[in-house]
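Presented below are the structures under discussion, each in the form of structure tokens.
What follows is a pair of complexes built around chain A, which joins chain B in one and chain C in the other.
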Partner chain A sequence: MALSTHTTSTGYLLPSIHSAPPFFTQQPNPTTLSIATEQWIRLILGYARHRKLFFLRVEDAETPGNDWDEVLRNERINRKLLPTYLSYILDTMVKKNLAAYEPPKQTRAVLLHWRLPEEWAEALHEWATSTGQLNSILTFYDITDPPLESSLTGIPIPLLRKAIAILAKTNRAQIITIADGEGVRFFTGNK
Partner chain B sequence: MHRLTGPGLSAFDRHTQSQRSYALLSNQLSEKQIKNLHSQLSSFRTALTSFAVTHRDRIQRDPAFRHQFQQMCASIGVDPLAGPRRGGWWAELVGMGDWAYELGVQIVDVCVSTRERNGGMIEMGELIRVISKLRGLDKEKEKDKIGFGGGGEITEEDIVRSIKTLEPLGAGYQVVDIGGRKFVRSVVKELDQDQAAILALARAQSGRVMEEDLVSQHGWTRERARVALENMLLRDGMCWVDAQDPNGSAYWVPSAMRWD
Partner chain C sequence: MTLRRFTKSVDGSIPVQALLYNDEDLFTSQDGVGIYDGTQKSPAHQSGVVYATTHRLFYIDRQNELTCSFVLDLSHITQTEYYAGLFKSSAKVTLHLSGANASNGSVSSTPVVGSNDDTVETGFESWECQVCAYRNPPGLSPAAARICGLCGVPRSSMPEPVKLSVPSSNKSIRQEITSLSSSLPSSATASAPSVVSPRPVHVRKPSSIACPACTFLNHPSMRSCEICGTDLPRIQVGQPEMKSAPASRPTSPDTESDDEDGDGQTPKTRMMKLSFRKGGDKAFYAVLKRSLQGKAWEIKHPSGTPSNDTEFNRSGISGIIRTVEASAQNRDTHMFNAFQDLEALMVKAKDMVRLAADLNERLTASSTITSTALDTSRDSPTSSVTTLISPSHTEPEEATFIRSSLSQLGLQMTNTPVTLDMMKDERKWFEELAKELAGVLQGQGQSMSVGQKTTEGGMMKQRGIIALDEAWGGWNRARGVALIPPSTFLQVLPHLPAYTTPPITKRRFKSGLAVLHTPPYSSAAFAARLCGLLTLVGPKTTTEIAEEESMTVGLAGEMMGSVEETGDICRDDGSAAIREGREERGEIERVVGSGEQGLGEGMIVAGEVRWWPNLFLGYKWDGQLDYVSS
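Right, the complex of A and B next:
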């Protein structure tokens, strides 16, 4: 049996290691484990970017029928990522700032940083500038669900808050309390 | 006025004609000289070669003698260390060439950088492939330009020879034969008989080995099989475990798996 790459039904190219049966087991040797985990992290972030997925939960490995089936399972060799191992991978990702527990104070679900919050902040500011919305007050909804789809469409609110907080540090954004909740105002500013 | 250098247009013709003859003569002379030099050089080579062959052992063993030999080479403008590998003379005959050392460094580089992936065992073909990539084509062209042995590609023989030159360093690099395939081992620890048997079996089964296989095919006790496999897994990191195999724990040896 040769191990080969595989293109999923959503058009994502899985690496050949994904067809190696032991890849789905948490390795007892620490060196081997760190190599395997590194591969998993790369795979998870790559797939999340491909499908614009923001959340990964331990449950996704427990029960089938979710967005992550193609990655967490390999039907062709009848293997699936075990939940305990997934939870270890999530922990490693959080330690490396490649993900954050969301909501905080639990360890079952993470918000994936397939773009770092700093990168999201830049993208956000660029979007506000290019759509001519500097200085006007926007609701979060205006950003996550704009009339014209943008790279920020569907961005989770916690991530959006992080990005705004980063911009606020350089005086390029400001959170404003408005009648029905919160809004944000962007300024030109310089980096 | 002298006839030969006299005025008139014909003087120009005469002039070019004599220049041409001079040029021809000089060409002939230098050709003869080069030929002479070549034959001298080749007889010198033969002499030096036979000298190197006769005194090979002493050159290798006796530092003082080696030093003198090197000085002799240096005084006649020959660097015994700037050794080519094929068509080369003394460096090869004496068994010390920069080429082999350089290749040695690359072997170490590849073995060390892939060690955590393959547990210190790399298949010969794979090693050659990675090193060839590492060396690139340009470097080889450069070598050809300065007249070193051409060809370019690295052979198994080169690797074996180069690993021999690494021996004095005590790094423990070794070429081992497992189930008819050559591997380069870069782990310092001895590969014991049991591990060799497991690797051979892994090769035959595309990388997957189970306790049961060792019991049925090698007549080992279950204990022995388990200890050997667990050692490879935990102590040496030479294999991965698969806990989801329907027949129990399966051990996978990455260096024996076929990757596309």
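Right, the complex of A and C next:
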């Protein structure tokens, strides 16, 4: 049976394995399962990167109609990813530090680290420098929703916080508590 | 003396034993006996020895053995009396005699031994039987000389053979027999057979013709019997007088005639006395009486045994001797009978063996028909199952008993179950059990292996794999009553591959299910076959696989599970399907038969697992390449 790739409507190329029904079944064989899960993770992260999706919830597999439909379901072969399997995948991702339970202490929603927080921190600092907003106080809102699109647009606050925390370690950012919100100031730090 | 007519002179110098006939036995003897002729002493016979035999009475004189000895036929004795002695009178035995025709020959005591060279009746020369051509030897008593020693046909008693027609010879024989077997008074006639009736040469018209079928006496001029219509025999010259009733006593001319008594005795009272001067009278008298009762001079049937001498057995030395003889004879008879039984048994044993084998075959044959009815899950043809027994039809206990007893007799039956007592040691027992189990399995396995070779594409109703419990149950059912416990069964299994072709080995699945299988069903072979099938045909469900491999669905599931563990296949769970309108997981409404393979993305059975070749192995990502956004 020949498997084919498929390009989603949003322009994402799905791998050929995605058109194989066994891909959507959690394999009992551990070896097979690990391989399959690996492919899933890669697919999910790739798709998240493509669509700039940060969160993945188990409910996304349970009910259609969300951003993940293109990946978690395959209408052509009449298969969908079962929530149990998705939960397993999330768990695996968290273990690999590719995701983090967000909010913490629960297992149904993760924050995808299709970009490591360190990378995010660098990107953040880059952006702050490139837009000339160093040494000025920025609110989170400024960062997540700037007038200009940037790669940081839409970054969830927790992730932003993490990135800032990382930058703070290296003295390149600083959290400032201001009225109704939080602000951050970026410095040019010498590493 | 006048009574001499009853006696014959003998040569007393010859021992008495030599004077006896061949069939005559000497019973007893008594010394010191005197003879009274009538009521007077016989001067020549006053001191001698008297011998009593079965047929005759001998008197051998002491002084003049040669001249004064005589012999008296016991057949002449009509009556005996016993007189016990009184004072000077010694004991006497009185013998009343009649029927004098025995005393032919010289009256005076001439030294003629058995003066009967002119007559044939005493039988002192050999004669040839007309019926069987047996040359009867001389030396038999007069009575015995009348019948042929070989065939028992009485002699027709004429020196020149007379040609008699068959029915008439029958009549003559019958008449002879009846006349001879008459009672004692007429024994005189018996002693003179040639004188009395059957004179076949008489030419006279018979007064009546006896029908050969119904013995009715017809008028002589009749041609066929009045009663039954049988043709009457032709009256020929020489037909003797017929008698249809038991023979009346033929007239014996001698008894009425010749009253030659010169000494005043009436014809009735011809008597002789034996005077026992030295005692021994009682014993002698008893023996004499026994002889007289025995009547050995009359024709007896060959099968007649001296059964009427039992009461004389216990008297005296002769009685003891006779008892010993009788017991020895009994022993011999018993041993002979026993050996006969043994020989008959040996002859029958072979028959028994054959019969038991035949019975065994029939038992198995009758039950194979029903045994296949019991096998619902098996599809093996009837011809391949040869040794199973259905307990509902036959008597397994009896069958097992027959077979085990046969094997204990040392006969090897091909279909018998092997039990421990048949074998010498346990290890050999295991191997024998393995052989038997191989036979039981191979009956199905044979056809299985044959079918397996062609199963690659075809569908044969055979199977090369069987669950252990099924095998055990089937084997025990075949054995009938002599069952094998599971532990023994497990011990037998290692020996099994040695006796089966292809070798049947045991395999245990993850779930604990143990099966016996032929090499085609080993893990690797099966996996390879399966992958080939899947890549060829496409994804298949477990039931489809089961159908393909003709094994039970559960077993197929086990096999698939084991193959999946090796990583050769991957599964596709039907619960991951999306249905139009119903998007909750696992809620499949429509269920269709699993045999339809053409509906790739169509409907599937709820929860049905489809098997794919393992797609994940060596999979290369061909999706969107990752990139790192800036």
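Assume the second predicted complex is superposed on the first by the 190 of 191 C-alpha atoms of A that agree within 3 Å, B and C clash if a C-alpha of one lies under 4 Å from a C-alpha of the other, contacts with A are read in each partner's own complex, and residues count from 1 in each chain.
Just so it is clear, a contact is a pair of C-beta atoms (placed from the backbone, for glycine too) under 8 Å apart; a residue touches a chain by one contact, two chains touch by 3 or more.
On a predicted model such as this, the values are computed, not experimentally measured, just so you know.
J.: Let's test your reading of the overlay: on chain A, do chain B and chain C clash or fit side by side?
T.: Once chain A is superposed (C-alpha atoms), there is a clash between chain B and chain C.
J.: Taking the superposition on A as described, I'd like to know which of chain B and chain C A:Ile176 touches: first, second, both or neither.
T.: Neither partner.
J.: Using the touch definition from the top, say if A:Thr63 reaches chain B (first), chain C (second), both or neither.
T.: second
J.: Is A:Leu14 in contact with chain B, with chain C, with both, or with neither (first, second, both, neither)?
T.: second
J.: Between chain B (first) and chain C (second), which does A:Ala165 come into contact with in this model arrangement: first, second, both, or neither?
T.: In the superposed model, A:Ala165 contacts neither chain B nor chain C.
J.: Could you let me know whether more residues of chain A are touched by chain B or by chain C?
T.: C
J.: Determine, under the contact definition given at the top, whether A:Ile137 touches first (chain B), second (chain C), both, or neither.
T.: neither
J.: Look at A:Ser151 in the shared chain and tell me whether it touches chain B only, chain C only, both, or neither; answer first, second, both or neither.
T.: Second partner only.
J.: Which stretch of chain C would you flag for clashing with chain B, going by 128-136, 164-172 or 560-568?
T.: For chain C, the clashing option is 560-568.
J.: Which parts of chain A are in contact with chain B and also with chain C?
T.: Dual-contact residues (chain A): 1, 3, 5, 16, 20-25, 27-29, 31-32, 35-36, 78-80, 82.
J.: Looking at the complex, which residues from chain A come into contact with chain C?
T.: It is residues 1, 3, 5, 12-18, 20-29, 31-32, 35-36, 39, 42-43, 45-47, 49-50, 62-64, 73, 75-83, 115, 119, 123, 151 of chain A that touch chain C.
J.: Can you name the residues of chain C that touch chain A in the complex?
T.: So the residues of chain C touching chain A come out as 538-539, 561, 564-565, 567, 570-573, 575-579, 583, 585, 601, 610, 612, 614-617, 619, 621-624, 626-630.
J.: Would you pull the chain A residues touching chain B in the complex into a rising list?
T.: Touching chain B from chain A are residues 1-5, 16, 20-25, 27-29, 31-32, 35-36, 78-80, 82.
J.: Can you name the residues of chain B that touch chain A in the complex?
T.: Going through chain B, the ones touching chain A are 116-117, 206, 208, 233-234, 237, 240-245, 250, 252, 257-260.
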